[in-house]
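Each of the next two complexes has subunit A plus one other chain: subunit B in the first, subunit C in the second.
And now, the complex of A and B:
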């Protein structure tokens, strides 16, 4: 395991474990399917939020877990999509579906631009560069008042009438997230995804084997931006409001923390990470306003004690027990 | 759209002097310890608030500045010895840990000092303006410029002419060999960390007198420092000075000519430099 990546040591795809894995995935899907019936109505929207941010965390995981490059600017890519959707539906008066399409396209373009600038770097420099690029987006959203509404943000009416019910919206989001998750899972397990893992483990070896490393990284980053854009577009429909805090560093930080909490390089861990962070956020806000401190403490504690995350740690314990 | 005048260019240069003070601490820690201290902005903010509290209660600006440096250097020790020691050698875990610390410190500052905007009170003889070359210019900003140049000279002498500086330079190149020669490199590291943190504190107290202090000031100064260090290259004092001048002037140009896209004007060139020189203008491979 290279020092630069946070990824948990990956098990060589064990055929014995795949039945077990399918069972866990099925159980997870079932859990999210019956979840709204176990929750009071107002918490259904919290569950919806978990699903949306799990997609953001997975898009971060594609880079952090599979290419070994940890990004700190995905909140900006996510938020660009949200801005475009809200702007298109309220200021331009367009349909929400076309808006979401445009939002995803915009996020993909931003992702591609970030990728062009960032793929030459790795490790800490990659993190810093994506952080700075994300800050540009934030600065533009904050200052370009005539378009973005500045600090006040934009209030929209993105969600169509038939989706206004919390339960209906939850299930629509669930189906969408399930499809996206399947696509991402196929993506990271495709020959292309395996090449990415090869690059993560040894860039020079992959290069000498004849792989075009920068091209692979570029495509991975752009794809990651595409998925983050989808999450942002759904978030626009969920939140009906966008402000600079949607693209701020804290958003990128929370997304990364979700991916890390779940376990970098586990993809599905993102759901556990998102549920843990958003659940904790809601729980903490009942008692105190010091959510930021709690978030910071979580970062410190996880980095010191469990950098491989919940799923990574569970895997390690499981393997040790066998 | 108006052109630039001498007043605005001077503003850019004095802002650059402050940026250099803050970013030189950042680049020292980054260069020697390989730690990207994302809590550097929070240390700046803490230094500013402490400078404000001490200076306004005692009525002594120098005392406030000194208190800011000492307290923030102590915070640096706590951060290095209390937390970072557990993740030594893991670059990414270190960065993310300092990010967590930045969140905690920022929130803590909000609890202690609230969300109001503060200005560190300056001594009588630095208030008002001086006239030269047909221009009225605030005395305090010129003081910051002189201080920035002084810090550069002192740091340059420290790094290039003293034993500690020789150890720091040797440590940047090859920490293991330095240790093998019987030097306690951990002590050198700790001294560097304290020095870097103290510079953040100094920047906070000095900057808090003309940029004002408010809860998100830490993120802003951190991003500027990042830009400076990314442009200048890790661990290079000259790089930090050149980077600070570039960022300071670009910031002024951006604010005057393209107010809505000011951030873009700073970070666009930075991204370009990094695309062609991934280690910065004065950066060297480790």
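And now, the complex of A and C:
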């Protein structure tokens, strides 16, 4: 059986809902395009952050949603890229663009190494193994003071002069994120992506059908690391600063929570998840220093009433309504 | 409430929330409105207790002057940096870009301060750091609009202690410290001055933050052959180290010297006999008999029910420093260059130190530094009492600043130890 035939076997919802889906995607894109004209300066940088973290959440979704392996080490992969970019531009004095390229390469390599070590496991073992690998990266960043600056991190100015304006930077990021999103969307909907879904649903069946399951997992993980690396490289340009908190477990968890909040296996849910979490962080912390408690309660509520995430839930309601 | 209804209401709330989180641009206020100050402190996270004392100390000063300076009201906007540099950066952006504050104040952990400093380097917003002690912010990587009013550099204070230790006849000292830059810098200041004065560092022990059990280190300290031990600890680590140091019976064998954080009021206020007699150097000593200091301590005890820690004192004095500068320049807080210049030129006369303090040309204060001994206060609690004073100690000790800054910053690998 070829990959193509599997694509054809995908339920018929795709053609029926595709017009609707396209309309929603177009509306979303339009929303992000006009957004900065509705916002004051500071919120533009928040919106930029939402876009960047949406990419991280999508990269996690490739594994968690489409491959059935929930990773807890993507913050580390993301942060490795950020470190490389800041190190390259600040300490080595190189150009930011070359730095970003190197950052993405480094993240991809780290992703590949993680993949080699982790793909043989699944379920909670996969979760724990990626968590441990992420902690190693964090430990290295914290202790290798001569290179990473220890817990003080590295500071520099990565962003080139012509991008220093918030609005310009936002649009550049928006275009980049749009392209990356399209690539990821193609990736998960390609025959390869469908094979991944097959592995998610039944690994043994895919194996008996003759698919090289470990190879597929390896490529999926590495690609996911590649995308996380892109997000990390853009984040370096956004923040001009990196410290171990960027590679810490909290970062991995936050990325995963964004993917879950938006809806696992929906890809675009990542935008909703990132907007919800970063937006709430900014909103709630205006009123109370206990904003983390509020966020925590929100996650509990989402897990109880919409475990499939905001987009996943909306989709279900939409289908039920018809 | 069924699920669907719940979802609807939740959705509506979220949408409303999203809309409210992106309010329309604030109307830019004309001068003559209140002076807006952005205060950042860690109100959550690992150092939240210190953060609370920072805010209290800061507010105390402005309350005492009725929140008015040079005829203008003062409005303080407090933000939580969550002990995390990324959050600190985000909050600094919000204060500057959304709230349009005239200047920023605060932060506790060095990494949060360094992140914000890097940001204000681009915006030019004046940023005052009474707590952030990272050496390079007023040395090798100095930023003009970042000023350490009423703060100190990490390596500044242990140098007089090293000199004092030599005078006590201690020849060999071992150091134990939390393994991060703040610790590296304080130990470096001590080790360099101590070895250049003819002393010997017989061992340096670095342990991770939040070490519960010090026994492996204490065993090594006991066998190191040191005459005294220099400890650089903050928060709970400081309390645990002093507790276990006393329990192991080391206190009677090797006197314990410390960085000022070790015996800060925030640590020792809940402790007992185990802290008695520990020596540390600092510019502020709550047990000083200077009338100004006494007055401040009394006010603080009355208002908050406890003696001031370094956090409260530094933020209070830092606020005073900028407040006096604002008075001098007619309250024009929006004029950044003038504010920076005026603060740099202002001498702090009325502070709880009871002495005049001025800034060196790098934006770091020059202090008379006390050698302090922890003793029992009349109320039965422990406090730091000055036993000796080193006058006019700058961040460069006795070195020429330009020559000094040619040596690398202190780290685990470079402690400035003079060989043989």
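A few notes on this one:
One rule holds in what follows: the second predicted complex is superposed on the first by the 306 of 322 C-alpha atoms of A that agree within 3 Å, B and C clash if a C-alpha of one lies under 4 Å from a C-alpha of the other, contacts with A are read in each partner's own complex, and residues count from 1 in each chain.
To be clear about the criterion, contacts are C-beta pairs under 8 Å (C-beta built on N, C-alpha and C of every residue); 3 or more make two chains touch, one makes a residue touch a chain.
Just so it is clear, the structure is predicted and the values come from calculations on it, not from any experiment.
When the two structures are aligned on the shared chain, A:205 is found in touch with neither subunit B nor subunit C.
Within the superposed three-chain model, A:157 lies in touch with subunit C and out of touch with subunit B [touch as defined at top].
By the touch criterion stated above, A:243 is placed in contact with subunit C alone, subunit B being left untouched.
Contact with neither subunit B nor subunit C is seen for A:21 once the two complexes are overlaid on the shared chain.
In the superposed model, A:70 lies in contact with subunit B only, and not with subunit C.
Touch criterion met: A:145 reaches subunit B and subunit C at once. Look at A:280: by the touch rule set out above, it reaches subunit C but stays clear of subunit B. When the two complexes are overlaid on their common chain A, residue A:186 makes contact with neither subunit B nor subunit C. By the touch criterion defined above, A:260 reaches subunit B but does not reach subunit C. Looking at subunit A, you'll find residues 143, 145-146, 290, 292 touch subunit B in one structure and subunit C in the other.
Note for the complex: subunit C touches subunit A at residues 3-4, 6-7, 10, 14, 17-18, 20-26, 43-44, 79-80, 82, 84-86, 89-91, 93-94, 97-98, 110-111, 114-115, 117-119, 122, 134, 179-181, 184, 411-413.
By the touch criterion given at the top, residues 38-43, 45-46, 49, 143, 145-146, 150-153, 155-157, 164, 239-241, 243, 245-246, 275-276, 279-280, 282-283, 285, 289-292, 301, 305-306, 313, 317 of subunit A touch subunit C in their complex. Of all the residues in subunit A, the ones that touch subunit B in their complex are 3-6, 70, 116-117, 120-121, 123-125, 127-129, 131-133, 135-136, 138-140, 143-146, 249, 253, 256, 260, 290, 292-293, 295-300, 303-304, 307.
Interface of subunit B with subunit A (complex): residues 34, 36, 83, 86-87, 89-97, 99-108, 110-111, 219, 223, 226-227, 230, 259-264, 267-268, 270-271, 274-275, 278-279.
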